[in-house]
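Labels run A, B, C and D following the written order; every chain starts at residue 1.
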Amino acid sequence: MKIKILITGGTVDKVYNELTGKLMFDDSHLGEMLERSRSTLGIDLEVLFLKDSLDMDDEDRSLILSKCLESSVDKIVITHGTDTMIETAKLLGSKIKNKTVVLFGAMIPYSVNNSDALFNLGAALSAVQSKENGVYVTMNGKLFDFDKVEKNKVLGVFEST
Amino acid sequence: MKIKILITGGTVDKVYNELTGKLMFDDSHLGEMLERSRSTLGIDLEVLFLKDSLDMDDEDRSLILSKCLESSVDKIVITHGTDTMIETAKLLGSKIKNKTVVLFGAMIPYSVNNSDALFNLGAALSAVQSKENGVYVTMNGKLFDFDKVEKNKVLGVFEST
Amino acid sequence: MKIKILITGGTVDKVYNELTGKLMFDDSHLGEMLERSRSTLGIDLEVLFLKDSLDMDDEDRSLILSKCLESSVDKIVITHGTDTMIETAKLLGSKIKNKTVVLFGAMIPYSVNNSDALFNLGAALSAVQSKENGVYVTMNGKLFDFDKVEKNKVLGVFEST
Amino acid sequence: MKIKILITGGTVDKVYNELTGKLMFDDSHLGEMLERSRSTLGIDLEVLFLKDSLDMDDEDRSLILSKCLESSVDKIVITHGTDTMIETAKLLGSKIKNKTVVLFGAMIPYSVNNSDALFNLGAALSAVQSKENGVYVTMNGKLFDFDKVEKNKVLGVFEST
C-alpha cells in the first residue's frame, strides 16, 4: 500500500534557533520520525514548504490542493500547523472526493520534550489506511471529518462541532 | 466513545535498573504517554501485570481473554511484548467476536531514546476507533488481522502471512 | 561541602507554551536536573526570578549581588541567560572577593532536544568546588575569569578576551 | 588547552538492542555528547574498547595505563564502567604522577531517558582543566582522589572513604 506524506511545516517541524532564541524551521523531521516508527510502509515524503500555518496564504493552500489532486497515490497524509489546519481541510474536503486525506499537526514540536508529534503521526498513518475516501483531521487521539471540527484555542484541543 | 487499555508489560514499559544494569519493570508509562498525546478520549487504563511476554503463561493469557470478554467497553487496546503477541492475538481472535481489540507493543522501550512506543499507541488508538469488530495487531505502521501476521525475528519487524 | 544555586531564568529554564507557540517560563528545572545528575552534594536552590537576561535591569542585578554577599555559603552557582551573563559577572566580580561564584547558562533550553544545560551544570558544580575565591563563567566546556570573557553573538559561543 | 578522552565503554555507551532486548555496545556516544555540549575545547577522542567494566581484565587496564603514560597530552579524561572504575583508578594513580587524569561513568546510559552521562562529562572536563596532577574520579557531582573513594553498590553512589 502506497502512502504519500505532504509536509507543510507547522509546530511539528519547528526547532529552537540558538542564535536568536526563537523557533524557526530548518529541515523536516518526518524522515527521522518514520525511521523511529520502524514503519515498513511504502511512504513517499514531499516537502511543499515549511511554514507556520498563520503565515500560509491562498496560494499555499492551492498548492496543497493541486498536489493532492494530481497525486497518483490515493492515500495522503499532510503535516500542517494547527492554527489554520481546519481552513485547509475544508478547502481540500470541498474538492477531493476520490482519495483519503488525513491532516495532522502537533501542539509541541517534535524537537521539544513531551511532543505529541510522533503519536499523531501514528494516528494519521493508521487512519489513512483504514478510512474511506474523504478528508479528515486527527489530533488529540480523535479522528474528525473535515467539516465537523474546530480548534478550541483556549484549551489548545480539537473538538467536534 | 469509551476505550479500555489493558496493560500487560512488554518492551513498552521496560526501564533501566541502575543498580543491576538490567532492564526491569517498575510502573507503566501508559498514563504519561496518554498525557503526552494530549488525548481527549475517554480511556480507562488497567494494569493486568507487567511481564516480558516470553514469561507469560497460559494463565496470563486466560486473564487477558477474560478481561476482554467481561469488559463492558467494546473497544479495547492491549499493550503486549512482541515475542508472543501473536500467540495472544490468536487466542483472543478465536474467542472474541463482538468487540474491537488492537494489540501493540514496541521494539524500543518508551524510556529509551528513539522509542517507537508513542507512535504505536497513536496507531492503536486510531485503529480501535475505526475498525469493525475483530482482533488486530499494529506494529511498524501496519494493521494486521490477528491470523495473518508473524514476527520476523531476524529483522525485528511484523509481516503479513 | 555546602553549595548554593541561585536561579535567575535564562535559556536553561525556558519551555514551549503550546497555546501561544512561544517560549516562556513556568518553573525552574534545576531540581529535576540535580535529581538526574544523582548529585549527593548538599545543594540549596533558590529562585530569585525567571527572566530572559535581556529583560533584566539594574535592580535584578543588585538583587543577585546582595544574595551573593549575604549568603552564608561561600560556594555559589548562578543560572543566567547568556545575553547579559557577562554584565552580571562583571558586577559580581567587582564586589565579591571572599566567595567562589560560577555563572552558567545554556544555548538550548533543558526542555528542548540536544540541550547543553545539563553539561554546563556539571561543569559549574565541578568548578565551584575546585576554584579559589573569585567570579567565573562556564560555557562551551571552558571556565573563564569574569573579566576575560565575551560572548561571540555571531557564533553563539563564549570566548576569552 | 589540549585534552584527551580515552573511551573504554561502561554504562555511558550502552544501547538497547531491539533484536535481543538486551543492552549492548555499538558505537561511542562521546562525539555526539561533545557536539551537544557546544564544547570549544581542543579534544582528541580515542576509543580503546567498549566493554562492561565487569568484563575488563588486567590486559585492558594495562592498555589504559600505557595509553595514559605515552600520551603527549597531560590532561586525560577516561570513560569507564562504574563497577570497576575504582580498581582502574588505583592502578593509574599508583603509576601516573605528571598528568591530570579524571575518570567518569554513568548510572544510566546516555541513550536512556534521564541519563547522568552528560552531567558527568561536564564535571570531568571541568575538573581535568582545574586540578593539579593526579588521578581523580568524578560521579554524583563530587570529585574524589583515586584512593579515597568507593562505590556503594546498595545505593548506587560513589562515596568518600
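The definition used in the following text is that a contact is a pair of C-beta atoms (placed from the backbone, for glycine too) under 8 Å apart; a residue touches a chain by one contact, two chains touch by 3 or more.
Just so we're clear, the structure is a prediction, and the values are computed from it rather than from any experiment.
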item	value
Chains touching both chain A and chain B, listed by label	none
Other chains in touch with both chain A and chain D	B, C
Identity of the chain that, by mean CA position, is farthest from chain A	D
Where chain A and chain C are represented by their mean Cα positions, the distance between them in whole Å	39
Rounded Å distance, chain C centre to chain D centre (Cα mean)	26
Distance from the mean Cα position of chain C to that of chain B, given in whole angstrom	44
Shared-contact residues (touching 2 or more other chains) in chain A	107, 114, 156
Set of all touching chain pairs, with the criterion as stated earlier	A-B, A-C, B-D, C-D
Residue numbers on chain A that touch chain B, as the complex places them	33-34, 36-41, 107, 114-116, 118-127, 129-131, 138-143, 156-159
Chain B-touching residues of chain D, taken from the complex the two chains share	11, 16, 18-19, 21-23, 52, 107-109, 111-114, 153-154, 156
